[in-house]
Structures are given as structure tokens and as C-alpha cells.
Amino acid sequence: MPGNSIGQIFRLTTFGESHGAGIGGVVDGCPAGLRIDLDAVQQELDRRRPGSTALGTTRNEADKVEFLSGLMDGVTLGTPIAFLLRNTDARSTDYDALKDVYRPGHADKTWHEKYGIRDHRGGGRSSARETAARVVGGAIARQLLAQDGVEVSAYVSQVGSERTNKPYTDLDLASVWNNDVRTADQEAVSRMTALIEQVRAEGDSIGGRITCVVQEVPAGLGEPVFDKLHADLGKAMLSINAVKGFAIGNGFDSIDLRGSQNNDAMTPTGNRTNRSGGIQGGISNGEDIVFDIAFKPVSTIAKAQDTVDRSGKAVVLEAQGRHDPCVVPRAVPIVEAMTCLVLADHLLRQRTVRAGHDRPISP
Amino acid sequence: MPGNSIGQIFRLTTFGESHGAGIGGVVDGCPAGLRIDLDAVQQELDRRRPGSTALGTTRNEADKVEFLSGLMDGVTLGTPIAFLLRNTDARSTDYDALKDVYRPGHADKTWHEKYGIRDHRGGGRSSARETAARVVGGAIARQLLAQDGVEVSAYVSQVGSERTNKPYTDLDLASVWNNDVRTADQEAVSRMTALIEQVRAEGDSIGGRITCVVQEVPAGLGEPVFDKLHADLGKAMLSINAVKGFAIGNGFDSIDLRGSQNNDAMTPTGNRTNRSGGIQGGISNGEDIVFDIAFKPVSTIAKAQDTVDRSGKAVVLEAQGRHDPCVVPRAVPIVEAMTCLVLADHLLRQRTVRAGHDRPISP
Amino acid sequence: MPGNSIGQIFRLTTFGESHGAGIGGVVDGCPAGLRIDLDAVQQELDRRRPGSTALGTTRNEADKVEFLSGLMDGVTLGTPIAFLLRNTDARSTDYDALKDVYRPGHADKTWHEKYGIRDHRGGGRSSARETAARVVGGAIARQLLAQDGVEVSAYVSQVGSERTNKPYTDLDLASVWNNDVRTADQEAVSRMTALIEQVRAEGDSIGGRITCVVQEVPAGLGEPVFDKLHADLGKAMLSINAVKGFAIGNGFDSIDLRGSQNNDAMTPTGNRTNRSGGIQGGISNGEDIVFDIAFKPVSTIAKAQDTVDRSGKAVVLEAQGRHDPCVVPRAVPIVEAMTCLVLADHLLRQRTVRAGHDRPISP
Amino acid sequence: MPGNSIGQIFRLTTFGESHGAGIGGVVDGCPAGLRIDLDAVQQELDRRRPGSTALGTTRNEADKVEFLSGLMDGVTLGTPIAFLLRNTDARSTDYDALKDVYRPGHADKTWHEKYGIRDHRGGGRSSARETAARVVGGAIARQLLAQDGVEVSAYVSQVGSERTNKPYTDLDLASVWNNDVRTADQEAVSRMTALIEQVRAEGDSIGGRITCVVQEVPAGLGEPVFDKLHADLGKAMLSINAVKGFAIGNGFDSIDLRGSQNNDAMTPTGNRTNRSGGIQGGISNGEDIVFDIAFKPVSTIAKAQDTVDRSGKAVVLEAQGRHDPCVVPRAVPIVEAMTCLVLADHLLRQRTVRAGHDRPISP
């Protein structure tokens, strides 16, 4: 059973290796009659691409998306929307030395153990470059969600030991694109920037946290008992390269609370608090959906590391290519994209849940 | 798209409401020719059932499983294995008062918003009673995994502020069933027990953490890019009632590490550390798989709480029924079951990944 | 990948062996808020059960359905609807002689070759008894379809060489239950009956054809390019025991027509003809959907037959049990059930096809 | 739930409109380590393309396939294999007159009714051009099947009233590519050719039948109860444009046989006959799989036809473009491709059916 598709109704399948002909995907199940703002799609891609932030890699990938099907005059036909990003800045020979060496923290060895073969150039399909296709799919999903006013915003809430000190409700979520850290907490920008620059100078990397907020989401989304909304969100986030943890609402902090402290009291004008993160029993309750994602430090570093080669012999891996010292600034659009994909799918699934005289959804 | 099934090849579908005729499920895709130890299945159910630990609810549910199909003389036929647990200790009238009241922290209101109708008796299908069916499915999956020597063990690693102080490698994982807390850290038993008893006396509840360890798992399991092994494990865990967070390996603790600190150095005799938690790039690497799950405090408490009724009017919810002050002791077998289900599915999926002359798997 | 489920949104999973504890199923994805007429479900079962027609087997199976979940006060909850038919008239010892003998025309040998194990009692899961679960699932689907006025009617249009001479438009489709042949052509009843009785007296069996008509179906159902409506109908029909062929509209008769003869001319008041059978390009066009299904003669006969046993040795199989001389009379409700299942699924799928502001489907 | 994918494990998703940027697809789930003969893939495409037979359309489409991912040095990586065929000979303006006219026998009107929008240029996605992507996917599947010696061969067995007079066992199936009719019966070539030429001269079209034979297929393929092998084959065939009927083995001819005539007697050296068409109870029995497919006459004809426009007004549709007088010659590779796709999927599914110690499939 292949694992390159996500979503039951609004379904994205991605394809492509880092140094093959290109990266792309197919969105099947996007409803017909939706006008797509193609510039907005490209803008989201631009926010993810290497070179988009001064704090990331110095590689520069144009990542120009070409749509191959499913659209006529910019409007969805209800047929599969295929798209392609040609690979251009692919210095495959950079990777010749890695052909038989397994990099620590990477999928090199496991990929070999699974498939018996792997494309070693730039990480092949295990490269984060694959996420470019997710951003395209997510950008289409976002435009579907926009019909219902749903807004998805993510921001960097932690870099190493540097955290935001404010809840998201005190932040201007739109301000995230005004700084290279991609945080919504302007007060934290300089602290986080300094840490990333320091780590880069050390030839090392550092982890981070992204917080994602979904606003104006209708109540009723999520499919118990297994496809609970936060379960599908969690899976989507954990499928992003370098993600090590997911927490909905107050997450691990809820462990040390009493029920009387943790329950969100309900009132005629809404819940008094939102510790649950906008989801109860796996179903959205109409409050903001809020969750956190933990990213490990990037595995590729400039320091020498002990490892093994394909024959099992010990080798020392020396400094490598041009990579990000911290992944979270460029991961913000990926987190948003995966969130949009999950929500679009559940929005459409919810259409099938109630009996009643069937009639066309208004065009 | 219904959400009551999990797994692509080894697939469990559960059914049933807390106070309907029964709870049950169908395991489809379990390979033929597997001898099932039915007593072992019942034993796992007994570990989950209310009344199984002195620290849980005083409700006592027999939870006797009846197999309806898929087995002949205790051996799987390759056909769907259906099973049923009749509901017996169902005091539905206990819940009459809750028919039009939404309990804080529960799925009462969201269920209504989703379906336009709900079974209010004992939480209906949102009741944790549904997890009994998962335990049965997981027990079958465990016996499939045992053919390859895979072992799945979970234990309570935290109750409120009380944590285990040792890594799992210093614990006897089999000792978990020797104490009512279901922890493998014998030193922590009394601390955790005291806290749960104190919380119960207060009429309150408390959260907890479970750590799960998978040993002797073959390398190569997991299906990039979306069905990564830890992504599917994360979804499975987040689908369990009251779960708020999931972390693979060192999870959120990896945020504040440098790459040079976090990477698991590889050596000819294995990895020097296991911060990744046994999974690289979404594929098992043959090391132990280790992950943590955060459970919130049980929402049902004996204290009065502000809430609303179905008409939106403010009401005060008074003390309720017979519930657990802390969910984690009884959640240990559920965590193990969900883990077994995910691994069994991926074990079978891995059979399809490599080209080569097809031949029957040895019976 | 297990094969015991059908449908993407409205999905039926069946379970059970002929001589195990029972036969049953789970309908997942049935919308919430649908009042189910349970007597109507039982009535459809009664039409399929052995003993329901004088032209069938003399076995008499009560086939009383018990619902286990998904309903409250007869209304669907949106949760899985599980049901069970206990096996009662199971004379397993009748089949002891067949334990190691492969019956010609049956799945005995292939089942063994596939699974390495089989339940030989009454055919195990390959028994047509499994279709009882389909009838229950189909009866629920029919009640969902009824909300939109869709009507599904099947009838026997051929038994051996005896055919109906009239198009369905000249027949009273409701009259099918007034005769034991289950044909809507009253003129053909005696001819068909005589042939079946003759074949029974000979200790032999005979094939037949069922025609199915769907009326008042909305235009727009069917999901190109692979899940075309007639492709899904064809698969559903071909999954019924003993079915050997499927034809939509004029089917194989279209081969020897010119395009100018075969095309249905379109007019402002509808199509002039309906040779296409109500489906164009895999999508319903609002005309009646009409298709034919070919059933082979029942493989179980009273005559001696050459065959082999499990060791590969030649044996002669003598007269067996109590079976139908012709399967089509009792297959009529099965054909209707499978048709209802496919249409209900596609009706719900169509809800997701168009963009637009999402709003609840009216309850 | 989108309908543009087929297969559970070996899964093809196609995309593209007739006059958009291109036609293509993604094969997910093709096992790793399979060397693909790319020339053989192109050869199959060449057999389907317009212009490949003198009896088809005079349009000439190069249909050069470009692989975008999933291969390294011609060997499968186990990752999605995406491919693209750019549209070149697309005279979209030919279709301007058809923008608001519904062609009889085509999907123009139903497409509109379903999606509320359609691409009228060349039939958009309902064009048979989409089947080019199926041929590519099928060609890959065929090479997987070849590892186990499975051979798939189809041929034209009827054009209008002209039929082959011999069973396939008396024909040289490889001879199909030696004539423009694509029949394996050399005696029938001239009769069939003459009929097609006559029909073309009349400005009309004619239907046909294709017979498909699978040889050297292992016993045990097929997944009861719904995904029976012939049910999945039937669905795959019925999803091909212009197909109106499917019959396995002796199909509709079995209706008028007695069970004693129809059953295939089993002997120690194999079955005495193969009326079942190589499948018993939905599972392959190791004999040749044989089935027939009915194609209606092409709907596009040069004669004037009554129809309606989008506003519902009566119009007369005059002669159109460059089309095939009979579809079956060019449909032979499509039938083979769909057959290969279904068999490859079931071959991989069968790997998961039996319990036993898991070990890698030999590379």
C-alpha cells in the first residue's frame, strides 16, 4: 500500500526526487468551480523555497510551478490538478561522496534497508524538497477553505532556548512574513535571529517549535473514532521532515493539571478558556484550533561526525553542502500547507455526514 | 468517508455505543494460518476493563469477547475476524440527567454539532468503552507480530508531577502488571499511587504520560512520505480518548539541542545513542522504537462545573457517576493495542515493497 | 489489502462463514438522522432467504437480523451500523464428506490455493449465505435513496432458454414478488417455472438473467475516470456468487449496430431512446439506469461428477445437499441490494464534487 | 472521493485533459528494484496512438512519454513513478462550435450536470486520450508481471457482425500486431477490414468485441468477497471509454446451460474444460483467464444528428473532426494495460494473505 497520498476526498499525491526531473503532485478531489489565484500559490512556494529567508540555506531554487491539468481559465474542473516543479539547481555531483556513506540523522540507511536501493543524490525522495509539492497542494486547499472564511496561520514560537513569551492571542499573526525568523512575536525576532546566526557560525544546527492557529473554522469537523481531527492533523505534521512531536491545545502541559483546572468551562457566550485547542472528542468545536510542532535540529552539520558506510565500515563524515542551520523559518509554510490539506479534506467529508434531501452545493 | 477503520492491509473497524447492544469490531486482512491464543486476547481485555486496577473506576465490566467469524479451530482463515462484547453493566438511566446538558471537556456538544443527533447514554460512541474493541484487535495483531519476535511494551511514566527517574533501559518492562499504576518503575509506584488516591479524595482527576517501547522490530517499516511509521503511530495514539500529545524519541526535548548533540552517531555495531526513537525518515532502523503520549486529566470530576445545556442556557453540572481519577493505568493496554495494530499493518505493507519473483510466504 | 468492504463513503464490510457463529456486517458512513424502517429491512432479508420461494432450496433459514449499534430509537446516529444474523440451520456434519474433496464449479480448490486453509463446512465464506449481509446493507442504502425518490427494481428476465418478450417499460416491476420465479413478466411465469421444475427433477441446474432498473435517479452520479457509475455497478454485480457477465444498456447487442443506430438522439424533452442505459461517460444522465446480469447454472447438482480430492487423486462426487436448481429467483434481492449500495455511495460522493459555501445538508 | 485512481497496492492515478498541457499519471506502489524497459513502454504507447493503424483516425499524435520520477538508471526506486505526455496536435479551435452543443452518445451533458463546468475542447478529460496514461501504467505493470511469467494478450474477436470462428487456443495471439484490425484470427482480417472501411465510407461507425487472455497466471489471485478477481477486471474494463459489457469465461452463454454441462470437471492433470474462464469464486485457479468486452460503435459520426444545446434548444449536429470508425483496433493495448494493472495489484495483494515468518522478497 503506497504512502505518497494524503486525504480521503481532497487528496494530494506527491512525486519526485530531489535531483530527478522534478517534484510535483496531483490534487484529486478538489471541487469543481473554484477560481484559483495562481499568483497566491506561487507566493506560498516562494516563502518555502531555499533562499527565501536570510537565515536559511544559501542555495537558491526558483521553484516555479507549472500546472498540467484540472484548470480551465484558472477555474477548477473537478478533475485531477497535476503540477510540476522542474529541478534546476541540482548539483548532483556534490553528492557523489555520499553514495556509499550513511549520514547520521538522515534516512540514508533506513531507505536502503527498506527498498534495497536508494537515490543518494540530495537525499532523493527523502529530501525536504518534496515538501514543495505539499505547499502547492496546501495553497489550493487554502483557497477552498477561504470560501468558508477559514484562516490558517503558523509562526515560529521557539528556536532552541529562545521562546515567545506571549500567547498567540496577543500576537499579530500576519506579521510573520515581516521577519526572517518567521515569528509573530516581534519582541523575539532579534533573540531568535542571534541564536540561529550563532549556530550557523559554529557549523552546527538547532531545533525549533512552530505554533499553528486555525481561525473561523466551523464546528463539526473530524471523523471519530480513528480519523479524529487532531489525529489527522498530528499525522500530517509528523509526516513533515524533522518533526519529532505534536501537541494539541495545552498538550504535555495538561499532564500536571487537575481536571478542575484543565476543563474548559462552557458558557452561553462561548468557552471561558481554550485549553483543549479547539477540538473535543476529535471534532472541532468552533473555537480556534491551536497546536504545536517540535522540530529537531537539522541533521546536516558542518562538523565531523562518526558514521558508517554501506559496507558497515566506520568512517568520518566531514562538512557538507549548503544547508539550513534551523529548519523552522522555512517550515512555516509547510505546516500551514499540511494544515490546509487536512482541513479541506475534513470540510468535504463533513458534507456527507447528515441525512437529508440531496441538493447541489451552491456554485 | 467514514472514520471507524484503521490500517490499510491489517485493518480494524470498530462499532458500538457505550449503552447499546454491545461493542465490537472486524479485523480484515489478518493473514490466514495464524493460530490465535484466545485466552491471551481475553487477558489483554481484562487489563483494560473497568475494575482491573484499584486505582480506576469502581464500575465492573466483564468484557467477555465472543468471536463471530474468521477462525476455525482457533486458526485464522484469512477472512474477516468479527467479535462482539455485549454491554451488561449499562445503567443508562444514570445518564438521563445528561440528555440535554453538555459536559465540559467531553464530546457532547461537538457530537451534536457534527451529527445533529447523539446517543447521550454513557457518552454513546465517544465513550472510552469503544477502546475495548481496539484491545481485541491489537491482541490479534500482537500475535502476528510475535511470529517475527516483535515485542510491544508500554508503561506509565508520569502521573501529574510524579515521574519515573530512569530511562526505560533500566526498567523491567514486564513488571508493569505487578502494580495498579501500571508503571515499570517500581520506585515510582508509591508516589504515583499516593497522588492518584489524593486526587480521587478531592473529587478531582489528574493527567499522565505513557511511554511505549517496541523491541526486536525489523528495519524497513514505514511508508514515506505521508505514512511514515511515526506519523501513523502518532495518529493512532492521538485517536485514543484524552490524548493531547505525541513525541517520538526525544521529541520536544530535541528543540533545544544542537545537531551535533542530537544526531545518533552510527558505528559498525549499531547507533551510539537512540535519540531518534528508532525511526529515521519515517522508517524503522532496527533500534528500539520509543515514544511518549500525553493524557489530559479525565474530564469527568465530582466537583461542580459551569456549563451549558442544549438550548445554550447556563447550568451547573454536579458530581457524576463512577469514573477514573486518572486514565493512564487503564490506558496502557490501549496504547499497546494501537501500537500493535500500526506495526502489524506496516509489517504486511513492507511485504509489497520489493520486486522479485513472487512466492508464498512460508506457512 | 482486504476485500470484504465495498463503497468509499457509504461502506459495507461483511463477515462470517456459512457454518460459523453467524453472518453479519458493518455499514460505516450512513448519514446521521435517517429513520430506518427495520421491518422493511427484515422483509428484504425474507425475500432472499432459503425457503422464500418454492423454486429454491428446501433449506429453511430464519435469517433474523439483530442490530448491534449505530441506531437509537430507530434513527441512525452517524456511527457504524453493525448487525448479526446467527447461524441456526447449520448441519455442518452434512459437509464432512467434502472436507477433502473439491467440488467442480465451486471455490473449494482456489480457496485452498489462496489461503492454505479453508472452512469446508457449507462453503465457509464462499457460501452464498454471505449475501444475506449484503441484503441488510442494501436495505439501509435503499432507505437513504428513498429520501431522493430513487427506486431500484430487479426481475428475472431469463431462465435458460426462456426469456421475457417485453421491454421493462411494458412490465409492472412491482409484480415481481407475486410469483416464485421473481419475474415482472407475468406471461413468462409458467414457462420459467416449468423449466426450473424440470431441471430440478433431472437433478440438474440452469442459469438465468436478471435485469435491474433504477428510476428517478438524479443526473450527475459517477466518478470518472475509473469509478464510472456503470463500472462500479459492474464490479458490484460481478462480486455476487455465480455471476458471469454484466451489460449496461444494450450491452453486447451494441456491437452490431452503427453509431447512427446506437446513439440516443437528444431532444428538448429528453432522449428519444435509452440504449445507453442511463449512463453517459460514466455519469448518470437522469434517464432510467438499466443493466443485465448473467448467472451461471448452480454448480451443486445431484448428478455424479468427476473431480479431485485434496491430494490430487481422481474421485467421483455424488449427489449433494439441498440446493437451488436455479439461483436467479433468490438473487433478485441481492442484485437490488448491491445496486442500492453503489448508488448510495455515489449519491454521497456527489455531495463533495462542487465548490461553494459549505452548509449543513438539511436534516 | 475522487475517482482517478485504480488499484490498492499497485495504484495508478491519471490526470489530464485532451487539450490541456498534457496527459499523465502517477504509479504508486510499484516495487523497488524492477528494471524498466522504457522502449517497451513507448512501444505500447505507439500501438494505442492515433495513426497507429490505417483503420483508425487520421489524427497523428506522437505521444512521447517523459518519466518525471521514481526511476534511477532505469530501475524503480519504490517511489512514485510520474510521467507526462505533452499534448501537441491539439487543434482546440476545431471544437469551438461544440462549446455549447451536447454531442449524442458523449459525456458532454452529464459532465456539465455533474460538475457545473466542463472543458469542451476535444472532450476534455472524458476524451479517450486519457487512456494513453493507462497504457503507460499498464506497461510498467506488465514488466512486474513478467517476473512471474504472466502473459497478457488481447485481440479483436468481433467487428459488427464479423466474428472470429476459432477459439483463442487455435490462434497465434502474437499475430495481433501484424494486421490493422488487431485480430489474432488471420482468416478474419479481410472480413473485418472490409466492414470497417465500408462503415467509414458511410460516415458511420461500428461496434466490436475484444477477447483478453491471461496465461501463466498463478492460482490464488483475487480477494473475496467484493474484490473478486473478475469483479476487479470487470470494473477496469467497464471504465474504458465505449465499453458496454463484460463477460468472464462463457459469460452470457452460460445462462442456457445445465450445471452438468457448464461445470468444469476436475482431473489430476487439470480441468477438462475452462468454461469458468480461469476464476473460481473470485480467485484464479491457474488456468488461462479469458474474458470478453463489448464496445459500442463510436459516438462521433459524420452524419447529421438531432441533439440539444446547453440552453436545451434543439439543434442539428453536423459532421465532426477526425475520428475512428471502429474503436476496437486501438483499444487492444488499452484492454491489455487495464488487465496488467489489475493483475499486478492482485499479485502484490496476495503477498499479504498468509501468515508466516516475514522475510524480504528476493531481489
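General observations
Labels A, B, C and D are assigned to the chains in the order they are written; within every chain, residues are numbered from 1.
Definition applied: a contact is a pair of C-beta atoms (placed from the backbone, for glycine too) under 8 Å apart; a residue touches a chain by one contact, two chains touch by 3 or more.
Just so it is clear, the model here is predicted, and its values are computed rather than measured.
Relative to chain C, the chain whose mean Cα position lies farthest away is A. Across the two candidate interfaces, A-D and C-D, the one carrying more C-beta contacts is C-D. Chain B and chain D have CA centres that are 45 Å apart. Separating the centre of chain C from that of chain D, both taken as means of CA atoms, is a distance of 26 Å. Chain A and chain D have centres, each the mean of its CA atoms, that are 39 Å apart. Multi-chain contact residues of chain D, defined as those touching 2 or more other chains: 1-2, 4-5, 8-9, 14, 29, 32-33, 78-79, 114-116, 125, 224, 349-350, 352-354, 360, 363.
Residues 1-6, 8-9, 14, 102, 104-107, 109-111, 113-116, 125-126, 130, 158, 160-161, 199, 202, 204-209, 219-228, 230-232, 234-236, 238-239, 241, 244-252, 254-268, 272, 276-277, 279-286, 294-301, 303, 305-308, 312-314, 349-350, 352-354 of chain A are the ones that touch chain B when the two sit in their complex.
Chain A makes touch with chain D in their complex at residues 1-2, 4-5, 8-9, 11, 13-17, 20-24, 26, 28-29, 32-33, 66-72, 75-82, 84, 114-119, 124-125, 360, 363. The residues of chain B lying in touch with chain D in their complex are 1, 9, 29, 31-34, 76, 78-79, 144, 147-148, 218, 224, 347-363.
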